[in-house]
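A, B, C and D label the chains in the order they appear, each numbered from 1.
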Amino acid sequence: MPHDTPYTHAAQIRFSDTDAARIAYTGRFPQLAMDAIDGWFRDRLGTDWFRLNVDEGVGTPFVHLSIDMRSPLTPRDLLETTVLVAKAGNASLEFKVIGRVGERVSFEGRFVCVFVDLASGKPMRIPERYRGAVTTEAALATDAAIPG
Amino acid sequence: MPHDTPYTHAAQIRFSDTDAARIAYTGRFPQLAMDAIDGWFRDRLGTDWFRLNVDEGVGTPFVHLSIDMRSPLTPRDLLETTVLVAKAGNASLEFKVIGRVGERVSFEGRFVCVFVDLASGKPMRIPERYRGAVTTEAALATDAAIPG
Amino acid sequence: MPHDTPYTHAAQIRFSDTDAARIAYTGRFPQLAMDAIDGWFRDRLGTDWFRLNVDEGVGTPFVHLSIDMRSPLTPRDLLETTVLVAKAGNASLEFKVIGRVGERVSFEGRFVCVFVDLASGKPMRIPERYRGAVTTEAALATDAAIPG
Amino acid sequence: MPHDTPYTHAAQIRFSDTDAARIAYTGRFPQLAMDAIDGWFRDRLGTDWFRLNVDEGVGTPFVHLSIDMRSPLTPRDLLETTVLVAKAGNASLEFKVIGRVGERVSFEGRFVCVFVDLASGKPMRIPERYRGAVTTEAALATDAAIPG
């Protein structure tokens, strides 16, 4: 049964995320975003990068990532990251991620991955079993009010 | 005495950088780039983010980062990341980073930080004591053959 | 109102936790355990390391950690880590942590932190406001069937 | 040609290692120690965990780690970690690691790994090609003044 709202990933910001400036370290933002996208694969496709690689022979290397940091994060914050499929290609997915603490936007980013057949090492069409969910998610993203 | 070639940061890719796809994890690329930029501050400005924050009352939060991954990294690789000052504003620095293994380009990225006076919390001009080196570095970047 | 069962911290093992051996990296186990202890401070003391340091002027540096790895973790696993107060000193806490996936034990560890007054840099008694909860937790740990 | 002094691994402590207490995060110490042990495999055995796993079909899962933190680390510090083979078993290695900044000891630890034949999943004798170097290293450790 398709979901009717975009996936949102909750993560408590922890002491381990901070640096000596007493905010979450810049290098942690991509990891927080990647954890949210990992959650999207689990929730929306019913798989994850480990199963794709180890069980299904499918790699999804990321070829691009970008993040605009709008406001800092601290361990006082419960981060909620919305993951949208901004573009679904034949062999690639472009995600838009928006990290919020309550109403405050902390970051917005774009992440692009390519599906690769591990046996041949070549790009491959997104497996048929995931295309329905991907289409649904791409439609959800169009409907969502996407800031930025 | 000013340097006459761009700063390059060497880092052995380690097992701790890898994931179950047996390449360096996507989320590690920004950290590898940030470590190189940290090295640039040490080598070219004679300071670092810790001293800036703790001793000098200056923050340098990053407001943007983007990376294009061109080829994977493994623990067989010694990564050499060149750090260029693509743009020096009054209160900001835009870095271009290019990670290579030998001749092979692994990634290219852009990182933008803003100088902030920690006492007021407001953006500030890059401190006078660093402006000479910053100007030299920006000139070096113009001269360098910048791919991409 | 005191809790009557030990704190257990749930964490999905993610791709970012894995290494090229296709299991969670050794260096991740202490971080998984520390995240669980961070959760304990939040749940049982109503504070956390960030608030302690920044708001309360109290540091809790760890002086010892040890972990025995009993079985590997992969992204197929939902890790549940029980955190017990094995020993409550005047100025220190010794935690016993047990990480399980269902019935299977993945790791057991001991972590010791010392309470430090940040103004003086010297060890301090555990603040009065936390001593009741600490005593309750130490009693819970005695009652719990502690493996190992 | 065998080495006649123990392996020491140098690592600049970076901003990315720190937390909001403005010292290196507890959870980073095991990673710093593991990076040093990774360096030992490269320098003393001429291999590394990636090559062992991917090329040689040999795993070296760690079954124990413990660290005593003696003094904090900050980005002002160049960490030098000595790696000693405290015990060489048939199928296991126990490392003693001592992290120093100049004369100051920051941490001491013990890490134990087991050699596993990845084809069978069972422990295996340390491969013959590494036994000479392992024996030399174990003798070096006996000769070294080992604190603690």
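Keep in mind that, in the parts below, contacts are C-beta pairs under 8 Å (C-beta built on N, C-alpha and C of every residue); 3 or more make two chains touch, one makes a residue touch a chain.
Treat the numbers as computed from the prediction; the structure is a model and nothing was measured.
Enquirer: Over half shared or under half: which fits the residue numbers at the contact of copies chain A and chain D, same or different?
Expert: Because over half of the interface numbers appear in both copies, chain D and chain A meet with the same residues.
Enquirer: For the chain pairs C-D and A-C, which is connected through the larger number of C-beta pairs in contact?
Expert: Counting C-beta pairs in contact, C-D comes out ahead.
Enquirer: Based on the averaged CA atom positions, which chain is farthest from chain B?
Expert: Between chain B and the rest, the longest centre separation is with C.
Enquirer: Report, in whole Å, the distance between the mean C-alpha point of chain A and the mean C-alpha point of chain C.
Expert: Their C-alpha centroids are separated by 29 Å.
Enquirer: Where the CA atoms of chain A average out and where those of chain D average out, how many Å apart are those spots?
Expert: A distance of 35 Å separates the two centres.
Enquirer: Using mean CA coordinates as chain centres, what's the gap between chain C and chain D in Å?
Expert: Averaging C-alpha atoms per chain gives centres 25 Å apart.
Enquirer: Residue numbers in chain A touching 2 or more other chains?
Expert: If we look for residues of chain A contacting two or more partner chains, we find 15-16, 18-20, 22, 27, 31, 34, 49-50, 54, 74-75.
Enquirer: Would you mind writing out the residues of chain B in touch with chain A in their complex?
Expert: Against chain A, the touching part of chain B is residues 19-21, 23, 26-27, 29-31, 34, 49-50, 53-54, 59, 61-69, 72.
Enquirer: Any idea which chain C residues touch chain B in the complex?
Expert: Of all residues in chain C, those touching chain B are 15-16, 18-20, 22, 25, 27, 74-75.
Enquirer: Chain A touches which residues of chain C in the complex?
Expert: Spelled out, the residues of chain C in touch with chain A are 12, 14-16, 18, 22, 31, 34-35, 38-39, 42, 48-51, 54, 74-76.
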